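Per-chain residue numbering starts at 1, and chain names A, B and C are given in the order in which the chains are listed.
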Amino acid sequence: MSPDSFHTLYELLGSVSGFIYPNELEIRWSILIVVYPYVTGLVAGAFILASLVKVFNVKNVQPVYRLSLLTALAFLLVAPLPLQAHLGRPERAYEIFLTPHFSSAMAMFGFVYLWYLMGVLLLEMWFEYRRDLVVWSREEKFPMSWIHGILSLFSRDVSEKAVEFDMKAVRTITIIGIPSAFLLHGYVGFIFGSVKANPWWSSVLMPIVFLMSAIVSGIALVIVLYMVLIPLKGGRIDMKCLDTLSSYLFYAVIVDFSLEALDFIHRLYESEESIQILGTLIADKLLISLVVIQILLGMLIPAGILVAVKSMKFDQELRKLLYFVSAILIQLGIFSTRWNVVIGGQLFSKSFRGLTTYKMEVMGVEGLLVALAFLILPFIILGVLIKILPPWKASELGEAKTS
Amino acid sequence: MFERIPEQIRRLAIVFVIVIGGTLVLRYLILPPSLIETRLHQESTIEREVAKQVKFAGAVVCGGCHEDIATVKGKGFHKSLSCESCHGPAAMHTEDPMTVKPFAPRQRKFCPLCHAYDASRPTGFPQINLTIHNPLKPCITCHNPHHPEPPTVPKECSACHAQIARTKAVSHHALVSCTTCHKTPRQHRVSPRRVKPTKPDTREFCGKCHREGSKRKDAPKIDLSTHGERYLCWECHYPHMPGAA
Amino acid sequence: MYRRGFLKGLLWFLSTCVFSRNGVKNVIAGTNPDAPVSTNANGKSTIEGYDPTKHRYAMGIDVDKCIGCNRCVEACTVENDVPPEPFFTRTWVERYVIKKDKSVHVENIANGSDGPKEMVEEADILRSFFVPKLCNQCENPPCVQVCPVGATFSTEDGVVLIDSERCIGCGYCIQACPYGARYLHPKTRTADKCTFCYHRIVKGMLPACVEVCPTGARLFGDLKNRASRLVRFERMNKIHVLKPHLNTHPKVYYADLDGEVR
C-alpha cells in the first residue's frame, strides 16, 4: 500500500464494527487472491472433464476433449499472474524456487505448477496433437506450417503404430494427471484449510470443497465455451455431448452442495466459540454474496434447473438455453464462493469481537480492473490457442443447417 | 538401441534433458551459495538486526551523570520509573550530552497520561480528576516530578479513593465514615503501599449494627447465628454499596 | 534393455550433480533451515562474546499493574521506526470493560485515550482493565511454519525474526498469526513485527516497551537465567497465555489474565 492510499485506511477505521486487532484493519489478500483459486479451479475442472473421456471412456463427451485441454492451458498460463501482482515484493518471486520452505503449503506452488504445466498438460497436449501437427505442418503454408513444425518438435512419424503409442501415452498421462490436477487445486484449499488461526478457513473439508467446486466450475465453463464456439465456427452442437456434460455437471453440483451443507451443519451443531462472530459475518457482510449468489443463484437454482431438465422432456432449444443459464449462474456462484472464503475469512477479527470492511480499489495493482483483466486474459489466450491448435476438424463440426 | 525408442520419445527426451539438466546445472553449479543457503540469510538477518540503532539509553545509564537527581528519585514514588518514560529516548544525549538534550515535559497535559482518572486503571493507583484538581496549573508547580509527593498530606480518604467514595456516597452506608470500618494508621497517607488499613475480619463486626437486638435503629437486622452460615458478611454484601449484594 | 541403460545413465547424471562439491554443502547446510541460527558457517558467533544458546528470552505481563498509559507503544514506535499510522503496530494495549450485564466492550487505547469510546456508566462496570499485547515469540510459531521462502525464522535464543531482504510480501504469515501481531510494512512492503528489541537484548538492555513501563507491568527476562525477574514472576503467579488451544507455546506470560481476553 502506498502512503497516499492511507486515506482509504483512515476511512476504513470508521467502518469497523466491534473490536479488531489494530493490524487487522487492512485486508491483505485482495480480489487477486480471489481470482487465483477461481482460475486454478477452472484448470482442474477442465482437466477432470478431459479425463472423463480418456480414462473413464465416456465417449459422449469426446467432442469437448481438446477444448478442455486448451481451456486448461489458457487458464493455467494466467494462474501465476494474480499471485505475482499481489506480492509485496514481486521481484523476489523466484525465491520460491530457490529456497522453498517445505513446511509451507505455499512453497509447493512453484513445483506443483511446473509439474502440472510441463509434466502433465503440455505433455498430454503434445501427444494428442502430434499427429495433426505433423500433417498440418506438411500441408499448410508459412507461417502456420512453421509454427506447427516447431510445436511437433519436427516429428515425422505418423504411422499407425506411432499414433497408437501416442494414444496410450495420453491415457497414461491423464491417469497421472488426475491426482496432479487434484494437487494443483487441492493444495490451494490446504493453504486455507491449514490455517488454525482462522476458524472460517481451518477445516479438514476445505481442500475437498475447493476441489469439488473447481470441478463444477470447470465443467460449466467448458459447456459455455462449447455452446459459444461451435456456432461461431458454423458447426452443430452435439446434443448427446451437451446432455452428458450437464449430467456430470449435475452430479458434481450435488456432491459440492452436499459437502458445503455438511460443513455448515457441522459448524452449527458443534457451535464452537467462533460461531457467534461467523454468524455476524454472514449476516452483516456476506449476506448477498453467500446466501443470495453462492447458494441460491449459484447452486440451488442451477441444481433445480438440471433436475427439471433430467426429469421432464424439454426440446433441444429449451435445453440449450437452460444449460447455458445454469452454467453462467454456476460461474457466478463459484466465483462468489472463492470471494466468501478469501475475503470473508479476513473480514472478522481473530479476537472474535469485530468486523472490518474490504474496500476494493478500482485502479491500482490490486484493483478491480486488474482482476478483470486477469479474468479476460485467459479467453484471449484461448482464442490464440484455438487458432494454432484447432480443437475440431471440419468433419467433426457437422452442418449447422441439419439439426 | 536408440532406434527402438519411438521417435516421439526421442524428441521429447532431448527437450526434457535440456530443461531439467539446465535447471540442475543452474541450481547446483552456477548460483552462488549466498542466494541459496538459508543459514547465510538468517545470519545476515541477525547481523542486520543487531546493528540497528538504539534510541533509548536505559534507566541505569542516566544516574551515571545525573547522580543528584537519581538519588532524590530513588527515595520517592517514582523510584521505579525509568527516566526515559517521561524524558523520551536519550541514547543520542548520552553520546553528545552538550548538544543533544532530551525533552523535559513541563505542561499540564503530560502527567495525566498516567494520572488522569480512568475507570479501567487499577484501584490504588494515584489518579486525579483533571477538571477539578487545581485547574490550569502545571502539575510541576506543586509536585516535583522526581519526588512527586503531594504538597500536603491528603485529609480525606476520597482524595485517593474517589471511586469508592463516589460509590459509597449514594449507598445505604453514605453516612458511615471510612474509618468506622477501616482502622487507618496515619502513616498510610504517606506510604500507602507499605502501611495498609485494616478490613473487618469477623461477622460480629458488622453484627455490631446489624444483629438482632442492636441499638442501631436504622440498620436492617438479621439473626447472626443463622444468616449467611459461617461466611464473612462482605463475602456477599459489598460494604460500599450494601444494597446490591 | 534400453530402459535399464537409460535409467542407469540418468541416475549417474543426477548423483554427480547432487554430490558435487557445491551440492554437498547445499544439501547438508540447506537441509534444515528451521534449525535455529547461532553460528555462521565457520562456527563463529555472530555477535562478539554473545552465545545465543545460553539464553531463552520471554516476557511477563502483570495485567493488574497496567494503567493503560500507552508509553510502551510510543517507545516501541520510536525505537523500531514503526510507521506512525494507526494501522501498523508492533505492540498495543487493549482496554476491557465488562459490565454487570456481562457484556464486554474492548478497544485499542491508541485510538483515542480519553477513556472508553463507548460512554460507560461507572456504576455499570463489573471489571475493567488493560491488556498489553505484542508478538508472543512462540516456541511453535505458525508464522514460521507457513513462510514459503523461509524469510521468518526462530533464533536460538527464542526470538522470531524476519529477513526483510528475503521476504516476498505474500502475507501468509500475517494470516497465520493467531494474535494479529504481524503487519505488512508500507515502505518495505515486507512483513514486520515485534522482535523483542533484539538489537537491545543481546547487548543486555531491556526492550524499549519494558524500559519505559511506569508500573512494571511488563517484565522481560531470560528463562535460562535462574536469577531473573521473569523466573520469580513464573513462580509467584498463575500463568496464562493467549489462545493455548492453538498449541503455539507463546513466550509472553500473563498473570491475572481475565477469561474474556482473546
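Here are a few things to note about the model shown:
Everything below uses one rule, namely that a contact is a pair of C-beta atoms (placed from the backbone, for glycine too) under 8 Å apart; a residue touches a chain by one contact, two chains touch by 3 or more.
If you're wondering where the values come from, they're calculated on a predicted model, not measured in any experiment.
Central chain assignment: C. Criterion: smallest distance from chain C-alpha mean to the mean of all protein C-alpha atoms.
Of all chains, A has its CA centroid at the greatest distance from the CA centroid of subunit B.
Subunit A and subunit B have Cα centroids separated by 52 Å.
We define each chain's centre as the mean of its Cα atoms; on that basis subunit B and subunit C are separated by 20 Å. Here the CA centre of subunit A is 37 Å from the CA centre of subunit C. Residue positions of subunit C touching 2 or more other chains, listed in rising order: 30, 33, 150, 166. Shared contact sites, meaning residues of subunit A that touch two or more other chains, fall at 99, 101. The multi-chain contact residues of subunit B, meaning those touching 2 or more other chains, are 36, 38, 41. Residues 98-99, 101, 118, 123, 126-127, 130, 153-157, 162, 165-166, 169 of subunit A are the ones touching subunit B in the complex. In the complex of the two chains, the subunit A residues touching subunit C come out as 1-3, 6, 9, 13, 18-26, 28-29, 86-90, 92-93, 95-96, 99-101, 103-107, 109, 191, 194-198, 345-346, 349-353.
Residue ranges of subunit B in contact with subunit C, taken from their complex: 1-2, 4-5, 21, 24-25, 28-29, 33, 36-56, 58-59, 80-82, 84-85, 88-89, 113-114, 118-122, 125, 163, 166-167. Taken together, the subunit C residues at the contact with subunit B in this complex read 1-2, 5, 13-14, 17-18, 20, 22-23, 25-26, 29-30, 33, 37, 40-41, 46-47, 64-71, 75, 78-80, 95-97, 113, 115-116, 120, 122-123, 125, 128-130, 150-151, 153, 155, 161-166, 195, 198-200, 202-203, 205-206, 208, 211-216. By the touch criterion given at the top, residues 30, 33-34, 85-89, 92, 94, 104-108, 110-111, 133, 142, 145-150, 166-172, 174-184, 186-191, 246, 262 of subunit C touch subunit A in their complex.
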